[in-house]
Each structure stands twice: as C-alpha cells, then as structure tokens.
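Following this line, the structures themselves.
What follows is a pair of complexes built around chain A, which joins chain B in one and chain C in the other.
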Partner chain A sequence: MFQANIVEGLIFTLAAALTIASAALVVSAKSLVYSAFFLALVGAGNAVFMAMLGFPVISLFQLSVYVGAAVTFILFSITMFRKPVRIEPTAGILALDAAVLATAGLLYAFQSVTGTPVSVGFKEISSLLIGKYRFALIIASLALVTTLIEAITLAMRGEMK
Partner chain B sequence: MTVLPYLAVSACLFGIGLYGLLSSRNFIKMLLSAEVIFNGGLLALLSLAAASGAPPTGGTIAILAIAIAAAEVGVAVSIAILMFMLKGDVDVYKLEKFKG
Partner chain C sequence: MQVSEIISWLINLLFYKPEVFCPIFYPGLVTILALLIFIIWLERKIAAKVQLRYGPLYVTRKAGGILQLLADLLRYMFQEPIIPKTVDKIAFIAGPVLLFATAYVPAALLPATAEFTGLRSELSLLAVLALLTLAPIFDIIIGWGSNNKFSLIGSMREGYIVMSYEIPMFLSTLAIAMVYGSLNIVEIVEMQSRCWGILLNPIAAATFLLVALISTARFPFEIAEAETEIVMGPYTEYSGILYGLLMGASYVKFYVLSMLFALLFLGGWHPSITWLEKIHPAAPGLVVFIKALIIMVFGIFLRAVYPRFRVDQAIRVGWHLLFMLSMLSIAYSLAVIWLVG
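After this line comes the complex of A and B, so read on.
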C-alpha cells in the first residue's frame, strides 16, 4: 500500500514536470514545429493524468484523437507554409500579470475541493453517450464531418489558384 | 492521493496558455496556446468529475470536448493556411485587412 503510494506520487511528479515544462516550451519555442511537438507532449502528459484519475478510456481517446490526430494535423499543416512563419517579439509583462493572476485565482478556487480518484469504465461512458448524450454525440459527429468538408474545400480552392 | 494536485497542474496549464495567448501575434502560436488552455480545462473537468458524485457524466462530456477540439483545430488551421496563401503572413494584427 505504502509502496503503491510512492510509485503513484513518483509517476504524478514526473508527469506534472513533463506537462508543465512542455506547456512552457509550447509558448516560448521560436519554431512552430517545436511548439506543436511540445503540445503533443502536453497532451500525452494529460493522458497520464486522466488514467491516474480513473478514466483509462478517455486517456486512450485523448492519445488517439487529440495527440494522434489534432496535434499531428497542426504539425503537418505548419510544413505547408512555403516560407518560415515570422514570430514577433512578445508583449510580455501585462500578459504575464494576467496569467499569474488567473493561475492564483484558480488555485484559490480549487483549494476547497476534496475527493479521491475513482475508476470509470467503458460501459458507463458508452451507455451515457448513446443514451442521455446522443444528441450531443450527433452534433460532435456533424462538427467533425463539417471540418472534413471544409478542409477539402480549402484544399481544392488552393489547387484551383 | 486527492484530486487537488491535479487541479493545481490544470491551473498552471491555464496560466501558461493564457500568457502565450495574450503575448503572441502569430495565429498558429495563439492556436497552440489556446490548446494548452484547453488541456488545462479538460484536466480540471475530469478532476472535478472524479471528486463529484457522477464521474461517468464528466467523462462523457470530456470525450465530446476532445472531439469538438479536434474539429476546432481543423477549422483554425484551415483559416491560417488560407490567410497565409492570401497575405503571406499569419500576423493577427493584419486580420482587419483580411476581407473578401
């Protein structure tokens, strides 16, 4: 029991360090390719947290759909720009103030939350998806199909030019 | 372990993403920062769902949110590519000239 807690704490610490460092590098990297790569690491770190919180199904979904599709899509799209994209100098101090204030506010709001991670299986989530949330599922599917049509239209427009 | 450390990480992700969003003028960089904020929000949603009485509901909403986020990334990147094809730049300060 004690050893399991130590292992859990160690995994959490490593995942937290990886995720926060990667998030900082997404924002600070000079190259968009590196930024997209570090975003994939943020997604992967988040997937570890999801599994530790008791949502292994969502963790796999995050890895396959978010990291595997969305971030890879960004990464490949960046390579479509024919010349390197300029990154302007940042507008630093006000943005930093706002970010620190928002983080402190969230930490203050979250400090009263109690509870421990639970285990949620595939069966409960899928029954909710095809039951109570079926309209939301249809809308999400339509949104994905619309994106596909939009991407094809834009690609054809570029080809015609 | 309670869910409090997870919420602390989500708050940090939100803050880092917000800094990136506010301090950048590059459309793609802003999108990547918004995605960091999304990851923070998703982690907070699942942490609060785990601490609440109905974790499967939070999990279902998270799955829908990830699917919608993937669609949103597709739309935003397509706009960026179109903007780059027409203007040769992805500076959001030049978006006001992005008409027709």
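After this line comes the complex of A and C, so read on.
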C-alpha cells in the first residue's frame, strides 16, 4: 500500500512537471512545430491525470483524439502552409489575461464539484446516451453530420469547377 | 543471497513474469528484431523471384542469403550517421528514435496468451489503438526537421494519408469489439473459440486489413516514400542507425497491426495447442505469431505485384471506400447483434 502510494506520487509529480514545463514551452517555443510537439506532451500529461483519477476511457480518448489526431492535424497544417505566423505584440497580454480569467473561473467552478470516479462500463454509457441523454446525442450527431457535409462540399468544390 | 538464488530470481523475472517477458521477448523487442531481419529478407527474396532475379544471395549462399540482412543491420549500426548542417538537429535526431518507440510500444501491450499478457486491462484494445495514433506525429516532424523539399513532400503525403485512414481504422476495430461486447483483447480472443471474427464481420476484417496496408506504407500505398518520385520521402536525408530505425518503424507497425488482425479476426491463439504450455507459458502464443506472419507475407508479396497508387487515389480509397466500408461494418455488427443477440 505504502509502495503503491509512493509510485502514484512519483508518477503524478513527473506528469505534473512534464505538463507544466510543456505548457510553458508551447507558448515560448520559437518554432510552431515545436509548440505543437509540446502541446502533444501537455495532452499526454493530462491523459495520465485522467487515468490516475480513475477515468481510463476518457484518458485513452484524450490520447488518441487530442494527442494523436489533433496534433498530427496541427503539425500537418503548419508544415503545409510554411508561412510564419506573425504574433501581434498585444496578443501575449491578451493571452495572459485570458489564462488568469480561465484559471479563476475553473477554480470557482471546481469548488462545488466533487469528482468521485464511478465504475461504469461502456455498455452503461451507451444505454445512458441513447436513454437519458438522447436529445443531447441527437444534437451532437446533427452537428457532426453538418460538419461532415461541409467537409464533403469543400472537397467537391474543386472537382465541380 | 547466494549467486544461484540471484540467477534463479533473474530468470524468473525475465522469463516467467508476463509484465517483463511480453515487452522484452514475445511479442516485444526480441521477436520484433528477429522478425525484422527475416521479413525484410523475405520481401527482397519474393520481389526478386517475381522479377526473375536471385535477390540476397552471397552472405550464406547455402541458406539463400538469409544472413544478408544481419550484415545490413550491422552496417547500419556502425555506419556514421550524417547530419546535414541545415537540418533542425533535435527534430532530426529525436524523430527516428521516438517514431520507432511509438511503433514498438503497442506491441508490448499485446497479449501472448490468455494467461500470459503484459497488460491486463478491460480497455487493452483502446490502449493499443490510442498508442498507434501517435506515430504519424513523428513522421511529420522528421520531414519538417530534414529541411529538404523531398522530405517535406513525403511528410505531407503521410499527413494526407493518415487523415484518410485513421477513422476507418478506429471504426472497423470498434465494429468487431461491438460484436463481442468487449474492449479487452483477451476476452475478444476467448470468445472466438467458437467463431472467428472474420466470419462474424468480414467487412470490418477487410477494412482493417486495407488500413493496415495503407498505414504501414505497403504497396500499393507506398506513397510517402515513393523512391522513383521523391527519393525516399521523409527519410531522404537519413543514414546509419537513424535510417535503420526509420526503416524498421514501418515494419514494426505492420507487425503490430498484423498481430492485432490475427487477435481480433483470426481467432488469436485458437485452436490452442495446450502441450506447448509445458515448454513456456507464452509458447501457445506461437499460433498468433504464425497467423500474423502469414498476413505479413501477404503484405510484402503485394510489393512484387502491384504498382504504386497516386496520393489522390489513395486518399480517395480512404474516404470513398474505406470510410464507407467502416460505417457499413458498424451497421453489419449492429445487425449481427440484433439477429444473434
């Protein structure tokens, strides 16, 4: 038990250090490609936290969607356009303000929320989605279908011409 | 503690603890290295046979030149890796190492048998899939870091292709997981003792196999490297051990996907050969390995018989064919669940 606590503490400390350092490097790295890479590390660190909190499904989806797919897409976009993005001098101040406000908001919101992990299988999650949260699922599906139609329309625009 | 006790403890740790044995020996690193040597030799030999050539022959002529690849490996290891002045050094050096590592890690999580597995988790399939999505990041980084137009074009091609195959890969895998009602690879294999996944959902199996060929740049999808068009694509500037790692990474990924195909669709370690357990607890896993090897041989045979697709054709295959097939495989799984229960 004691050993397990030490290992957990060590993993948490390492993941926290990696996440904080990578987050700082995302905004301070001169190359956008490096920023994207550090963003992947931030995402991986967050996935570790989620797994430690007892949400392995969310952790693995975080890894595949926000680290694997999203960062590949960001890197692809950056290297494809190859145009250096000019950052306005005032953008840093705005980003700092936004970060402070977001932190304050999150701290306020999480004061009243307790995240006790519940052991729910994906079958139960599916039942909840098509039962209790049916309306939210329909809205989300419609939004995704709309995005898909937009993507198909954009892709076919070249062929139509 | 006596020396003999230390040795027996070490042997027990290395060979009988699945958490250590699986990542290091089977299906992990040692198997991968041995397989790399064999499969590249076989690929060259098959291609040569089809083209009426001999292929590798001079190193161990009597054994068909099988040690040629070992000689090549040694050459790569001791060759000086040339790092051009204009490259981004960190990305150039770290890229191949991280690419190989991200291709290898999913192999360490695959089970050898039902009892002997490195990762016991209800979500082992999801974990393997999540880790498989990380490798393309480094493919793009090495292309960018090489500061060479051929490398960059190769990386761009890889990026385009990744976007067209990742969704079908997830959907076809989840389609078979739906049929068996589990995301645990061991459970899925155990349920295939009666009926293999390929028979329950052949559409998902076909989609997954095609995705495996695309994602590992097998012919006719060897588009990012395309030697006759863009030298070696993202790997153009590489030499020595760094090139060896890059070349090995795609074969390792192919091995992982072939193993996954054997586990999800070909019954895994079924029919189980129980007497093999007397040799070693992981030995019945040899059945999975043989099935995966057959898939790999099929994949490398395509090199000799197919011409290369253009990048737009490959993307069209991804979005028009594979995406639709993967959606169909989900519907097929739902129908199977509805009919069979």
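Note that the second predicted complex is superposed on the first by the 97 of 161 C-alpha atoms of A that agree within 3 Å, B and C clash if a C-alpha of one lies under 4 Å from a C-alpha of the other, contacts with A are read in each partner's own complex, and residues count from 1 in each chain.
Quick note on the criterion: contacts are C-beta pairs under 8 Å (C-beta built on N, C-alpha and C of every residue); 3 or more make two chains touch, one makes a residue touch a chain.
Worth saying up front: this structure is predicted, and the values here are computed from it rather than measured.
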Tell me which partner A:F37 touches in the superposition: chain B (first), chain C (second), both or neither. second
Between chain B (first) and chain C (second), which, if any, makes contact with A:G54: first, second, both or neither? first
Figure out whether A:M80 sits in contact with chain B (first) or chain C (second), or with both, or with neither. both
Contacts of A:L144 with chain B and chain C, given as first, second, both or neither: first
With both complexes overlaid on chain A, does A:A99 touch chain B (first), chain C (second), both or neither? first
First (chain B), second (chain C), both or neither touched by A:L154: first
For A:V67, select first, second, both or neither according to whether it touches chain B, chain C, the two together, or no partner. second
The answer to whether chain B or chain C touches more of chain A is B
Both partners, chain B and chain C, contact chain A at residues 57, 61, 69, 71, 73, 80
Provide the residue numbers of chain B that touch chain A in the complex, in ascending order. 1-26, 28-29, 31-33, 35-36, 39, 42-44, 46-48, 50-52, 55-57, 59-64, 66-71, 73-75, 77-78, 80-82, 84-85, 88-91
Listed in rising order, the residues of chain C that touch chain A in the complex are 88, 91, 121-123, 126-127, 129-134, 136-137, 140-141, 143-145, 152, 155-156, 159-160, 162-163, 166, 170, 181, 183, 319
Give every residue of chain A touching chain B within the complex, in rising order. 5, 8-9, 12, 16, 19-20, 23-24, 26-27, 32, 35-36, 39, 42-43, 46, 49-50, 52-55, 57-58, 61-62, 65-66, 69-71, 73-74, 77-78, 80-81, 83, 85-88, 90-92, 94-96, 98-100, 102-103, 106-107, 110-111, 113-118, 120, 124-125, 128-129, 132-133, 136-137, 140-141, 143-144, 146-148, 150-151, 154, 157-158, 161
Chain C partner, complex, touching residues on chain A are 31, 33-34, 37, 40, 56-57, 60-61, 63-64, 67-69, 71-73, 75-76, 79-80, 121-123, 155
